[in-house]
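Following this line, the structures themselves.
In the two complexes below, subunit A is the common chain; its partner is subunit B in one and subunit C in the other.
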Partner chain A sequence: MGLLTDLRSSISRATSSLFAGTEPKRIGIYGPPNAGKTTLANRIARDWTGDAVGPESHVPHETRRARRKENVEIKRNGKSVTIDVVDTPGVTTKVDYKEFLEHDIEEDDAVRRSREATEGVAEAMHWLREDVDGVIYVLDSTEDPFTQVNTMLVGIIESQDLPVLIFANKIDLEEASVQRVSNAFPQHETVPLSALEGDNMDEVYDKIAEHFG
Partner chain B sequence: MPEVTTDDDAGDGIQIDMISAERMEGMRTMEKIRLILDGVHDDNIVILEDGLDPDEESKLIERTMSEINPDGFTGIEIETYPGSDGGDGGFLGRLMGSDDPSKLTVIGPANRIETLHKDETLISTLVTRR
Partner chain C sequence: MPHQCTGCGERFADGSKEMLSGCPECGGNKFQFRPQGADVPEEPEEPKSGPQPEPADDPQESSVAETVGRATTRVRDFVSGGDEPDPNAAWPDERDATGDVGDDGEIIDADARREAGTDADAGAEDAAQVNARSGLAAPEDVPDPDDPAGAGDEPPAAGGDPTDSADASDGPPAAGDDRVVSEPSDEDPDLAELREQLNDQFESIKIVEPGQYELNLMELYDREEYIIALQENGRYVIQVPDQWIGADVDDR
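Our next item is the complex of A and B:
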């Protein structure tokens, strides 16, 4: 993000918080690598501010730094909620640089990427403990949700008493099972969507406004 | 659970460190994490009688990330039993009273341990020799 954009967003942030009297809630988008977090963050940002958050890719660990889009004002039923959207690197307990080599990435670049990925995950964990006010947990609904990382992450989020929504993404794909996702986390609300195709975004924004407003 | 350590003199065996709840009880978060990661760095499988709390798990992930390096350590594989799948703590959880947080936890080096199967009643893990 350029200096000007930064400046502009910090000015608009200052004025909006001056008038609203409250800071926007910081909503972290968490989930395993490749779930579609950035695709979702970009869609939210594009729908309400006109520009994107960061690059999307089928290569896992594309996002290696938490990226923020500030002051996203979502209008719902005559009311509006303003949130800061934080797109985070996919959380994992392991990173092997050799896996990048399978995506036609050179060795040097793979080593650098894996270092950035590990730093990014550490940073995302830190953010989760200190700097977010709510969490959107994104899952690829074509995949098994009963993984240790998902169980741990949701447990960590719950222990912080953060409001959380589970997003069952990629429902445009035939193998998607929203039921499997909601069965895995029955204590939370599950919202089905396709961040890529833009399916069910009305409900997505309703739920965001309801839970984080 | 007694504390058991099977040491391998042959060098190609697999060492399992079983750490009792009692041993972990008085420890600080970082001491626990060090104990676990030191074991994993030595290519051991670490089994905790009483797992970590969410804050400790979060710090374990953070610490693991900072120790990953391209010349060897690729991180950890971790499984807990009973998992929190289904929210009622599973069979063992119900047996012990569902608010009992104790959960058996298996942790190993990511490049040597692979979970083959996991459900409410069983974790099946494949450990490969170097």
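Our next item is the complex of A and C:
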């Protein structure tokens, strides 16, 4: 609980003045494959609009095109924040159709998925350059966060001066270590959550409103 | 004093060993040869200041321009040729069979590279090296370890020369054939090499083989154009910024 208390107490370190104006901010949900980006996007969209963003799956690269849910209005502490949630394909440096074969996908289909996933990564990187106002970087907290992809993407986001929140997802799993995630990116705020179970979503929305409002 | 450092103007005698590890004064490693009797200016000449390229406003843009500039011509062909690239359009090597395609790089043909006998990890290796590495030697070409004289059933022409073994993998070598390099049968090896070069230049996505890709995230991020579709045959469809097309037409 100490961690949660700490995080809650840090709410006062608001950076809400980063953006002025009323246009919805485009918030890109980035991260490696299978971190739970679509589950999170769906959770946010369902909580505030009733709709979903896209299908969730255990198969990596299920999301192969960036999907946007516009005008998601999040009400927090009497204020309301409107964002466009952009769910992006998982970013990786290698895509191999053989990965899909393990999930009982036929070879032809696996090759096609692999190609689409690669296009999706290219698209996600392009969006990061041109089209997002802020980033939610989602990590699977049961996995080692010290990877080349994570370091590179967070570095790019920092170089763009984009506001960023690190989400340590899947805290409902036993092997989850939020501390490991926050150690990996001490310069950014880490928010623990389980998008699947809906754990700690109150804080998630507080932080979104605070950082991207 | 035949050699002068282009960095600080320091001069060196012909054959001076000092220069070999760089100029001891400034560390520079470019020297201009000044024959005896020629005028030697005290200061190194300024680099030719012809029409300098316009400095880009933004260093990022500049690096992008540099990286992708070579692809522009080919991209323009795609773009000005119509809204949709023609999937049946000729390959660059087909269109430019006379050469001069080495500077363009928006297209990679993974299939053809594979067919040409190179593999993705081959790097700068030529087809013969790859073949030698991956090909299997026919048993009769391997010298019998018990028989150093090489007097097997079929005496090897060059005493078990490894290149001969490689050759044998493509078929039985003709007697007395002194060719040691087996060439890809279906394609000019120069083209295979060329494709390798193109691949190196357009390195944001490397098609190892259909369904297997390696992505250079920094390159993908750094580029103004972006890849919309990877096609079955290993081609890309890319979207380019409008200003590229305009600027290039103006240059003509």
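Structural remarks
Operating definition for what follows: the second predicted complex is superposed on the first by the 192 of 213 C-alpha atoms of A that agree within 3 Å, B and C clash if a C-alpha of one lies under 4 Å from a C-alpha of the other, contacts with A are read in each partner's own complex, and residues count from 1 in each chain.
Heads up, the rule we're going with is that contacts are C-beta pairs under 8 Å (C-beta built on N, C-alpha and C of every residue); 3 or more make two chains touch, one makes a residue touch a chain.
Only a predicted model underlies this, so the values are computations on that prediction, with no experimental measurement involved.
Superposition note: with subunit A as the common reference, subunit B and subunit C are in steric clash.
In the superposed model, A:91 lies in contact with both subunit B and subunit C.
By the touch criterion stated above, A:172 is placed in contact with neither subunit B nor subunit C. Annotation for subunit A, partner touching more residues between subunit B and subunit C: B. Of the two partner chains placed by superposition, only subunit B is touched by A:186; subunit C is not.
Of the two partner chains placed around the shared chain by superposition, neither subunit B nor subunit C is touched by A:197.
When the two complexes are overlaid on their common chain A, residue A:114 makes contact with subunit B and with subunit C alike. Of the two partner chains, subunit B is the only one that A:151 touches; subunit C does not reach it. When the two complexes are superposed via chain A, 57-65 is the only one of 57-65, 93-101 or 111-119 in subunit B with C-alpha atoms clashing against subunit C.
Once the two complexes are overlaid on chain A, the subunit A residues touched by subunit B in the first and by subunit C in the second are 91-97, 111, 114-115, 118-119, 121-122, 125-126, 128-129, 152, 156. Contacts from subunit A toward subunit B in the complex involve residues 91-97, 111, 114-115, 118-119, 121-122, 125-126, 128-129, 146, 148, 151-152, 154-156, 158-160, 183-187.
If you check the complex, the residues on subunit C that touch subunit A are 204-205, 210-218, 220-223, 226-230. On subunit B, the positions that touch subunit A within their shared complex are 53-55, 57-59, 61-62, 64-66, 68, 70, 74-80, 83-87, 110-111, 115, 118. Per the touch definition, subunit A reaches subunit C in the complex via residues 91-98, 110-111, 114-115, 118-119, 121-123, 125-126, 128-129, 149, 152-153, 156.
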